[in-house]
Structure formats: C-alpha cells, structure tokens
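Chains here go by letter, A, B and C, matching the order in which they are written, and residues are numbered from 1 within each.
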Amino acid sequence: MSLPPQGAAPTRRAIYESRLRRRSNLIAAGSTAVIVAAIILLVPLAPGWEAVKKSFFNGSVFARTFPGLLEAFLLDIAIFAWCAPLIAVLGLAIALCRDVRNPVLFPLRAFGALYTDIFRGLPVILVIYLVGFGIPGLGLPRPWNSPYIWGSLALIVVYAAYVAEVIRSGIDSIHQSQRAAAQSLGLSEADTMRYVILPQALRNVVPANMNLFIALQKDVALLSFIGPVEIFRQAGVYKSLMANFTPYVGAALIFLAVTIPATRYADYLMARQRGQR
Amino acid sequence: MSFLDIRGVTKSFGDNRVIRGIDLSVEKGELVCLIGASGSGKSTLLRCINLLEPVDDGEIVLDGIDIAEPGLDPRPVRQRVGMVFQSYNLFPHMTAVQNVMLAPRRVKSRTPAQLEEPVRALFRRFGLESHMDKYPDALSGGQQQRVAIIRALAMEPEILLLDEITSALDPELVGEVLDVLRQLRSDGMTMMLATHEMGFAREVADKVCFLNEGQILESGTPGEIFTAPKHERTRSFLARVL
Amino acid sequence: MKPLSLALAAGLFASVSGAALAAGNACTAGKTLTDGKLTVATGNPAYYPWVADDKPESGKGFESAVAYAIAAEMGFAPGDVQWVRTSFDEAIQPGAKNFDFNMQQFSITPEREEMVDFSLPYYTSAMAVLTTNAAVSNGVEPTVDSLKGVIWGADANTTAVPMLMEIVGPDRDPMLYGDNADVTAAIQAGQIDAALFDLPTALYLAAVLVEDGTVLGQFPADRSDNPDQFGLLMEEGSALKPCVDAAITALTDSGKLAEIEAQWLQEATGVPVID
C-alpha cells in the first residue's frame, strides 16, 4: 500500500481504495450492530434467561467476589513469572540438543526428539497430576514436595517441549549458507550457533513463542488441580459457597484483560515480521 | 612442492560422482581460475579445500600438511583458507563491521580495540569506510560482496577461495568487485577463483583450469586455454561463453 | 449413560401405565419430574458411609436409607424411587433439573439458598480433622494452636473451606482440591498435613483411602456459627419442598431419622473433641 506523495492530489487508485474501505467499514459495523442488537434483544426473551442471569451474571455476586479473584490472579501471574524464563531456557536447551550434528552426540539428539514427542503428546493436566502428586509421593521432605515446585515443573517441561519445537523450526529456517559462511571463517559449531544462527532464529520465532506464552498464562490455572488456590480455584470456591457461576465469569474477564492485549501484540509482531520479508 | 597440492581428490554425493580425481597445484601468490559448465564441480572443489565438504579420497596438502586427512580438526585449516561465496552470506543481524570482527574476536581472541585500526584500514582500502556501521540490507550487492571479502581477509588467510563472487551482481557492479581482486593480486594474495567472467580470467589469471564432469580436462596459462584450447569440449564451452 | 436410559425407561413406563398406578401422596401429586416416581440424585461416585458400595438403589448407606425413608413418607414405594448422578455444578446450574431432589451432603448456607432451595436439615455434621499417623508422630496435636501451624487442605466444593478459616484460622493459605481423591493424594504426597471434612467422610477416608490415615479429632457442630447442616437440594421455588419438609419433620419426630443415623453413622460418636 503506497501513500501518495504529500500534498499531491490522490491518485485514481487511492480514491478507489478509500471508497472500498469506507464500504467495507460500513458493512462490518452494520453486521456487528445487527448481531449485538439481536443478542441484547433476543437472549433475554429466552425462557431461561432470568435463571441464567441470576447464576452467571449476578451483579451482587460479582461485586463480592471480584476483588478476591483479582487477588488470586496475582498467584497466576507469579507462577507464570517464574515458569516463563525456565521454559525459555529449557526449551532452548532441548532445541539445541535436537540440532547437534556431531554423530558422537547422537544420544543427545535422540533424547531431544524423545522429549518433545512425549511432552507434546500428553495433556498438560495429566503431567501436572503425575508430576505434582507422583514425585512428591516418593517421600520428598518439605519444602521439596511443594505442589508449587512440582506443578510448576510440570508446566515447564511441557511448555519447554513446545518452545523447543518452535525454536528448532526457527533454526531450520536459517539458510545453510549462513552456517557455511560462519564455518568457513573458522568459527566453532558452538560459536556459529550462538552468534550467527540463534540470533536470527530466535528473532524469527518471537511471535510464535508469544502465542505459546499466552497459552501458558491460561494453563497456569491447571495448577489449581493439585492445591494452589489461584484464580480458577478461588472462583470455584466462590461458586460452591454461593451456588452461583458468576465468579467464573469474573475470572474469565480477568483472563481476557491480559490475554487479548497480549494476543493483539503477538499478531502485530507477526504482521510486522511478514512486512519485513 | 607447491603451496597447495591437490592430489587425486574425489567426492560423491550419493551416486553422484561430482569430483572424479582432481590433481592441481597452486603456488604462493598465484591466482588460479576454475572455469567450466554449471555442475562441473567448481564450487564443490572449493568447498572441499575449505573443508566444508569432506573429501572421499585423495590428498589436499597445504604448506606440507595433508588437510584432507579424515578426522582432522577443520577449524585451524579454515583460519588459513578464506572463502567468499556467490551469495555474499553476510550475517544480516550484524552491521558490516560486526560481520568482519566476529571471527577475529571469537577465533583469534582479538579485542575490538586491537581490531579497530586494521579493520578500518581494510574498509577504507576498499572504499567502504562510510558503510562500516550499516546493516547488510542497507548495502548494494557490490558493497555486500566487498564486505564479505573484507570479512574473509580480516582472518589474514594464506589463500582465498572465491566462488563465483560476481554472479549474483548487476553487471554495473561487477567491476567494483573485480577491482578488489586486482588489488589483492597485486598484494600477492594466493587465490582460487571459480568464475564465469572469462574476460577477467584472461586478464589476471596465472593459471586457468577447465573443469568438466568433475575432472580438470585441461589447464594452462590464459593464453593457452583461451587462444589454443586442446580439447574439443573446452573449445565448445568457450564458444558458448565468450 | 445408565441414569439417562433408566430415566427414559421410567418415563416410558409411566406414560404407558397411566395414572392408575401413580404413587405418591396428595402433596406430591403432579410435583415430581415423572408422575408417580421420585427421582433422587446422588454424587458420582457416591462415597461410604453416605451410600454403600456406590449403589444408592440398595437403600444401604445413610443418605440412601434416608432417601427411601423420605420417599416412603411421601407415599412412594421403593420401586418408585429412581436414581440419577450429578456433580455439584450440575446440581446448581440454571435450567431444568433432572432430579426431584439432590442429596450429597450439601450444606445449607444462606448464599446457596438464594440460588436453590434446601429442605430442612436431615443431618448436622461435626467437622473433623483428617491426618496421618506420621503427621501425629511428627507433633501435630489436637489443639487449635497446634493446628494453626500445619498446612491444610480441603475440598474446594465444600463448606469446609470457610469452616476451616473460622474454626482454625491457619497461618498459611490452605491448599484446595477438586475432590476427595485429590485431597487424599496430597496428604499421601506429604504436601498437606491435615484436611477438614465432615466427620463421617473423614472417618471413611481415614479408614479406607488414606494409607496410615487417622481422624485427629472433631469440632462439634455447635462450635461454628454456621454449623454444617445437610439439606436436600431442590430447584429454586420447587413445589415439592413442602412435601419433603413435611416428610423430614415426620421422620425426625418419629425418631426414624435418628435410627438411620445410629445405624450408619454410629462410629462418628466416638471421636474425641478438639478444644
């Protein structure tokens, strides 16, 4: 899309495109308005609406529980904050394992492949149960049997598998000639990776990794299954005490408040990267 | 004994016998041009000398050491043998000067302070001093290729392998890169050059080798090869490219 | 699957046989899900001593026995009682219910009462501390002071959570779980020292599920401002509620309820009280 030079009269194409844009804006706005109006007008006509409203969109329950939910969400953020860097490091390490070329190190390569196959093939919640209850059950003493430690570890090992695959695809996307150029200069394998391949590969996969970390932010809630009272569990407690689902709606809003901006930002990065190509 | 002696080198990719027994010697300060049709094995031969490809058989003796010996650590060899590629292969995430300094810093443990002067001198010499801090995508093809040559030279190699370094360039940019080679030749740099620039080969080469299907069909001075080729194949190749 | 097909079969049966066979008394007529039938919901699974062997149809186990007693009181023969299974969430979700009343140790609370109807209480439970003998030998004592210092767990879907805060007020945030099995797993993994349950559940878990488990003691029901009273859960505004309440009152007055309690929950009487 090229802008006409400043001050110049718009070109024929510019006029055509702006007319087209105006029209599609109108269509989009119109259809959105129709759908929203339909929801607002028709849903309350449904016979069960009063009951649904009372159990899911209950203003007084919302007001009573929202502050507690926000506070519980701090735990989600904390878990995310300590998992994310470890996931990045482990993911990178696994990706590097999978990329070793030296035949002597084949076992490392096989390990990397096995690792990603296993942990990408398992539901996160299963790993959280198995690691979170199983390993402490072996008889570890406090504080080493904490569900925070082992639950986080479960998230870390699973997400590291995904991050490793993303990084590996980034490494694969760097043309062989870059490796050849680095090696022809006498750089070691390690230096080639560190100074030539990885900086390019990692930059290429920033958007993909952003998406993974958005998913992680949501999956942190799964830790509640083994004890920690984060927002999902806190909402469950409120739900149980009040026999009302509104706290879940509150929790959903809090999640969206974080994930929507993050998703938009990842999309923006992705689009910018496409633009650069 | 020559500075570089290639004896009976063979190389296959699967069933594809790309190099089928090559013997070639290069003296210090010589510029040897490899010519031949596409697919004749020019690039592969250069990559073998740089140890980017392991050879199957034969010897490559550099200054008395057989570098083709299986299991030999390639890195010390590559420090002595510089290579420049057709597609420049600059590192796009680094500025020109970072591209040039990376290997001396990592491989020879030089500090940026130590490198500052000699590197600047190289850039100045090849007319790129004002472009040192630019990223590759802000440079023209000819400028990028000159940076790539500087990058190889910064390692102070004893021999420079150049693989069709002008093939990706717009015609008007070819001259500036060939000028660099002329300067290097007058400095006494030993070079092997795979090229389709017959005019240039004729002008500056000490020796021209015609590669055909992985073998050197004939070699000699530019005069011998270009004016009186012995082989029919050489003649028809030259007829096509000249 | 099973409850569904059962309900289907029952529905067919009812429509074929017509009103002639309809059971129930004057109060219940036309107020049950299926005319002449009483549909009772329990948990999935249902635990002892509330339901024996996860088979509510057997009439064995406290809640199962109470359900049949209430049914009889309302004029339903045992054959007219049918069972469905629901989770807690299904019990409270808006929309048509698939049960006439739901019976799985639901505690009556004012907040819940705004959303659903409860019958009069059929049992008032003490709360009890489930722990392991290992924890006891490590110094966990049946005093509130000692219990403040341990790591607590509870089932997030029960009123044990606010009870725990009210009665013990632990120093550290308790761990909460989705069901009894997970609480048990956490005790077994040594991640929590103790968990708060209603007394009969605690006794069962200690005896059967928790290896080396024990009930440290109980907090009598009168210890709390809101003692844990179990009621039958019904749809908000249920027409059946007066009939159920009348039945429970009758059972209480006749001593039948106490009899059933003595039969199924008598172990609960011997547990020491925590001061």
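The rule we apply is simple: contacts are C-beta pairs under 8 Å (C-beta built on N, C-alpha and C of every residue); 3 or more make two chains touch, one makes a residue touch a chain.
The chain list, named the UniProt way, goes like this: A = ABC transporter permease; B = Peptide ABC transporter ATP-binding protein; C = ABC transporter substrate-binding protein.
These numbers were taken from a predicted model, which means no experiment stands behind them.
If each chain is reduced to the average of its C-alpha atoms, the one that sits nearest the average of all protein C-alpha atoms is A. Of the two chain pairs examined here, A-C and A-B, the one linked by more C-beta pairs in contact is A-C. Across the assembly, the mean Cα position most removed from that of chain B is the one of C. Distance between chain B and chain C, defined via averaged C-alpha coordinates, is recorded as 84 Å.
With centres defined as mean CA coordinates, chain C is found 40 Å away from chain A (ABC transporter permease).
Each chain gets a centre from the mean of its Cα atoms; for chain A (ABC transporter permease) and chain B, those two points are 47 Å apart. Residues of chain A (ABC transporter permease) that touch chain B in their complex: 177-178, 180-188, 191, 195-196, 199-200, 203.
Contacts from chain C toward chain A (ABC transporter permease) in the complex involve residues 88-89, 92-95, 109, 111-112, 114-116, 153, 156-159, 161-162, 173-178, 182, 185-186, 188-192, 236. The part of chain A (ABC transporter permease) that touches chain C in the complex is made up of residues 48, 51-52, 54-56, 133-134, 136-137, 139-142, 145-147, 224-229, 233, 236-237, 239-245. For chain B in complex with chain A (ABC transporter permease), the residues that touch the partner chain are 47, 50, 52, 74-76, 78-79, 82-83, 85, 87, 89-93, 102-103, 106-107, 148, 151-152, 155.
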